[in-house]
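As written, the chains take the letters A, B, C, D, E, F, G, H, I, J, K and L, and residue 1 is the first residue of each chain.
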Amino acid sequence: MSDHIYKKIELVGSSPDGFEQAVKNALVRAEKTVRNMRWFEVAETRGYIENGKIGHWQVTLKIGFTLEDA
Amino acid sequence: MSDHIYKKIELVGSSPDGFEQAVKNALVRAEKTVRNMRWFEVAETRGYIENGKIGHWQVTLKIGFTLEDA
Amino acid sequence: MSDHIYKKIELVGSSPDGFEQAVKNALVRAEKTVRNMRWFEVAETRGYIENGKIGHWQVTLKIGFTLEDA
Amino acid sequence: MSDHIYKKIELVGSSPDGFEQAVKNALVRAEKTVRNMRWFEVAETRGYIENGKIGHWQVTLKIGFTLEDA
Amino acid sequence: MSDHIYKKIELVGSSPDGFEQAVKNALVRAEKTVRNMRWFEVAETRGYIENGKIGHWQVTLKIGFTLEDA
Amino acid sequence: MSDHIYKKIELVGSSPDGFEQAVKNALVRAEKTVRNMRWFEVAETRGYIENGKIGHWQVTLKIGFTLEDA
Amino acid sequence: MSDHIYKKIELVGSSPDGFEQAVKNALVRAEKTVRNMRWFEVAETRGYIENGKIGHWQVTLKIGFTLEDA
Amino acid sequence: MSDHIYKKIELVGSSPDGFEQAVKNALVRAEKTVRNMRWFEVAETRGYIENGKIGHWQVTLKIGFTLEDA
Amino acid sequence: MSDHIYKKIELVGSSPDGFEQAVKNALVRAEKTVRNMRWFEVAETRGYIENGKIGHWQVTLKIGFTLEDA
Amino acid sequence: MSDHIYKKIELVGSSPDGFEQAVKNALVRAEKTVRNMRWFEVAETRGYIENGKIGHWQVTLKIGFTLEDA
Amino acid sequence: MSDHIYKKIELVGSSPDGFEQAVKNALVRAEKTVRNMRWFEVAETRGYIENGKIGHWQVTLKIGFTLEDA
Amino acid sequence: MSDHIYKKIELVGSSPDGFEQAVKNALVRAEKTVRNMRWFEVAETRGYIENGKIGHWQVTLKIGFTLEDA
């Protein structure tokens, strides 16, 4: 395990339903094309405002996954 | 739209009811005097502790809004 | 009150139940050995992914507490 | 002059015509309501892309101006 | 108190008489137009040099104050 | 629109013809393989010097684009 | 001396009498329980405002001290 | 050469044999799928501890490579 | 495992024999009083120079360890 | 070439004619006393405002040059 | 004046007599070999501790001065 | 000793033989023209890649040395 190589990609998830849902939405989408996701890091948290209220949250994530042997 | 000018102000919202509510409280207050709010950025997340528990969350936001023609 | 001295320690709380619960878990554990906790600052937010979903959140906190007279 | 007090505000200027024009647009707008502007600092440079090309530049500025006696 | 909303503004105070006096000068000026100031944070410390000596200190502060109900 | 997921990639564009042209060159190249580009952020600006003059500018960009459903 | 191991702790000293006195107050308190303090680093400088004036300064320090053999 | 476009990717290499070997392991893996690698930047250095000793080093790299014409 | 709480402490290890040995020296010392160490993060790398050569390296580490139930 | 040693110096160039000209002015001046300049990095971009318009741009550069054998 | 070029150098001043005196000591020394000093920026503030008290303050400054025509 | 003034310069050392050798090469070169070097700080670690392998390491250092009386 100690020789694993990981790649990190940067995604922005969004959701009208809150901070955590924005993170989950990004992971749901990532899982469709990325295997072996291991961890995420929250890099930035923002939101868009519509009519004075939060329209949707936007959370920038770095996602780390194991690179399989090529 | 590409010539819009925005101003950013910095508010700290607080709430005993969690991170997202602290953000919302700041926006509710801001909306009373600021028009055309467009986005926010979370700059800092803190909380005050009372009797070993979270008394209230404090979230520092930058809020961007469109400057109308003067 | 203006001559108080505070110490800050750095804990990482984790929870499968979300960002706020990870913070609370860190405070519950800290309260067992630290008295007079006054505030926390969120330094880093991460999470571990299991089977494409969030296994648990991990939140790094700085916790400030009043140092009593030695 | 050594006792001057300055205030700094944060604006985002935008322009389809480039980085410098985005800065200038912010200053033109600021000048309508702010007197005695003295300097600006570029805090962030971004742009929006439309059809694969730069639609408009967005430059975040901090603008410092002298506070007159109240 | 846990639902208070604060605003932060950024001022630069200056003084030939030292670091602390530059901070105080900024607060004296701010107090003329801002009510309910609660805390400040030192963001940057600089100084101007005249004839090889410190002409005046310049300290950039963020000042937090309670927003009253609008 | 509030459920969009974006990916951010990091490119370095270069050009002997200036800062803005280096940004444009990166976008021209990116457009060949990336669809739905939405924004860029300037992360770093450098340049190479040849015979005491700017040989070419090098600008590091983060480019955000919408991830389509997989 | 080149094999020394140091530990760094983070304290916040406060004082109504100025920046330097806040640092000194933190050291006076630390000295009661920490031996072999060697250096400090100023991490953050803030202050609380009472009636428009500085009520007390708050300075966050990192303090390094030699770890004796266990 | 002045019109080259580069892409930067982020990998984490690990090795029980030290800091440099962790960097090399990341490059060995990257070379299997990436052509024209030109430089790397060390972004973060960490390690996992097993039984009080370094189990393996983990080094986060940004790797830049030339984008060929598409 | 997902409810683990970790504490992070900051040590400075030093060694005349290189960067990695300075890290190891810090861990050897930490192990005498800290149980359940899990990871370290390199925060700062410095060195002292004697007669124009490296006298010893000094590496500042954050060390994370599992907090057992109190 | 792999054993080259570089020195980096920090200059501030200014120009009423824009961002790029400020960079060029710094290089023109540097070239008079520095040989073998190889690259520059933009560290900070500011400007001075006169009568509501940009009086001159000020760009802080780090300039790297090859150190010849002494 | 708008075409001035400045150079910035980095000095560390120290003094047993406090933060401001450490800054002044650096400037006194710099003035012996540097002409046309214009401003300084405080980059880091530290201190060495002797017998539990501040032995001397150490303040890292960047000093900007006008480059005369070569 | 408490009144010493230090100057810090920034060098980039390179070596095909590893991270530590790149640091040493910078110091060997610096020693030829700088007296009284006291410490270094690693600011940045990079490397150039040739044929998929590390061609040479490049380490940016800040080197502090005592300024003698002028």
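Just so it is clear, a contact is a pair of C-beta atoms (placed from the backbone, for glycine too) under 8 Å apart; a residue touches a chain by one contact, two chains touch by 3 or more.
In this text, all values refer to a predicted model and were calculated from it rather than measured experimentally.
A.B. asks: How many steps does it take, at the fewest, to get from chain F to chain L if each step moves to a chain that touches the one before?
C.D. replies: The least step count works out to 2.
A.B. asks: Taking CA centroids for every chain, report which one is farthest away from chain G.
C.D. replies: F
A.B. asks: Please report how many Å separate the Cα centroid of chain A from that of chain B, as a whole number.
C.D. replies: So the centroids are 23 Å from each other.
A.B. asks: Express in whole angstrom the distance between the two chain centres, defined as the mean CA positions of chain J and chain K.
C.D. replies: Whole-Å distance between the two chain centres: 22.
A.B. asks: On chain I, where are the residues touching two or more other chains?
C.D. replies: Answer for chain I, listing residues that touch two or more other chains: 9, 19, 48.
A.B. asks: Pull out all the chain pairs that touch, please.
C.D. replies: Chain-chain contacts present: A-B, A-C, A-F, A-H, B-C, B-D, B-E, C-G, C-I, D-E, D-F, D-J, E-G, E-K, F-H, F-J, G-I, G-K, H-I, H-L, I-L, J-K, J-L, K-L.
A.B. asks: Within the complex, which stretch of chain J touches chain D?
C.D. replies: Going by the criterion above, the answer is residues 18-19, 44-49, 52-54.
A.B. asks: Over in the complex, which chain G residues touch chain I? Could you list them?
C.D. replies: 2-9, 62, 64, 67, 69-70
A.B. asks: Under the touch definition given earlier, write down the residues of chain F that touch chain H in their complex.
C.D. replies: Listed in rising order, the residues of chain F that touch chain H are 9-16, 25-26, 29-30, 32-33, 48, 55-56, 60.
A.B. asks: Can you list the residues on chain B that touch chain A in the complex?
C.D. replies: Per the touch definition, chain B meets chain A at residues 19-20, 23-24, 27-28, 31, 37-42, 63.
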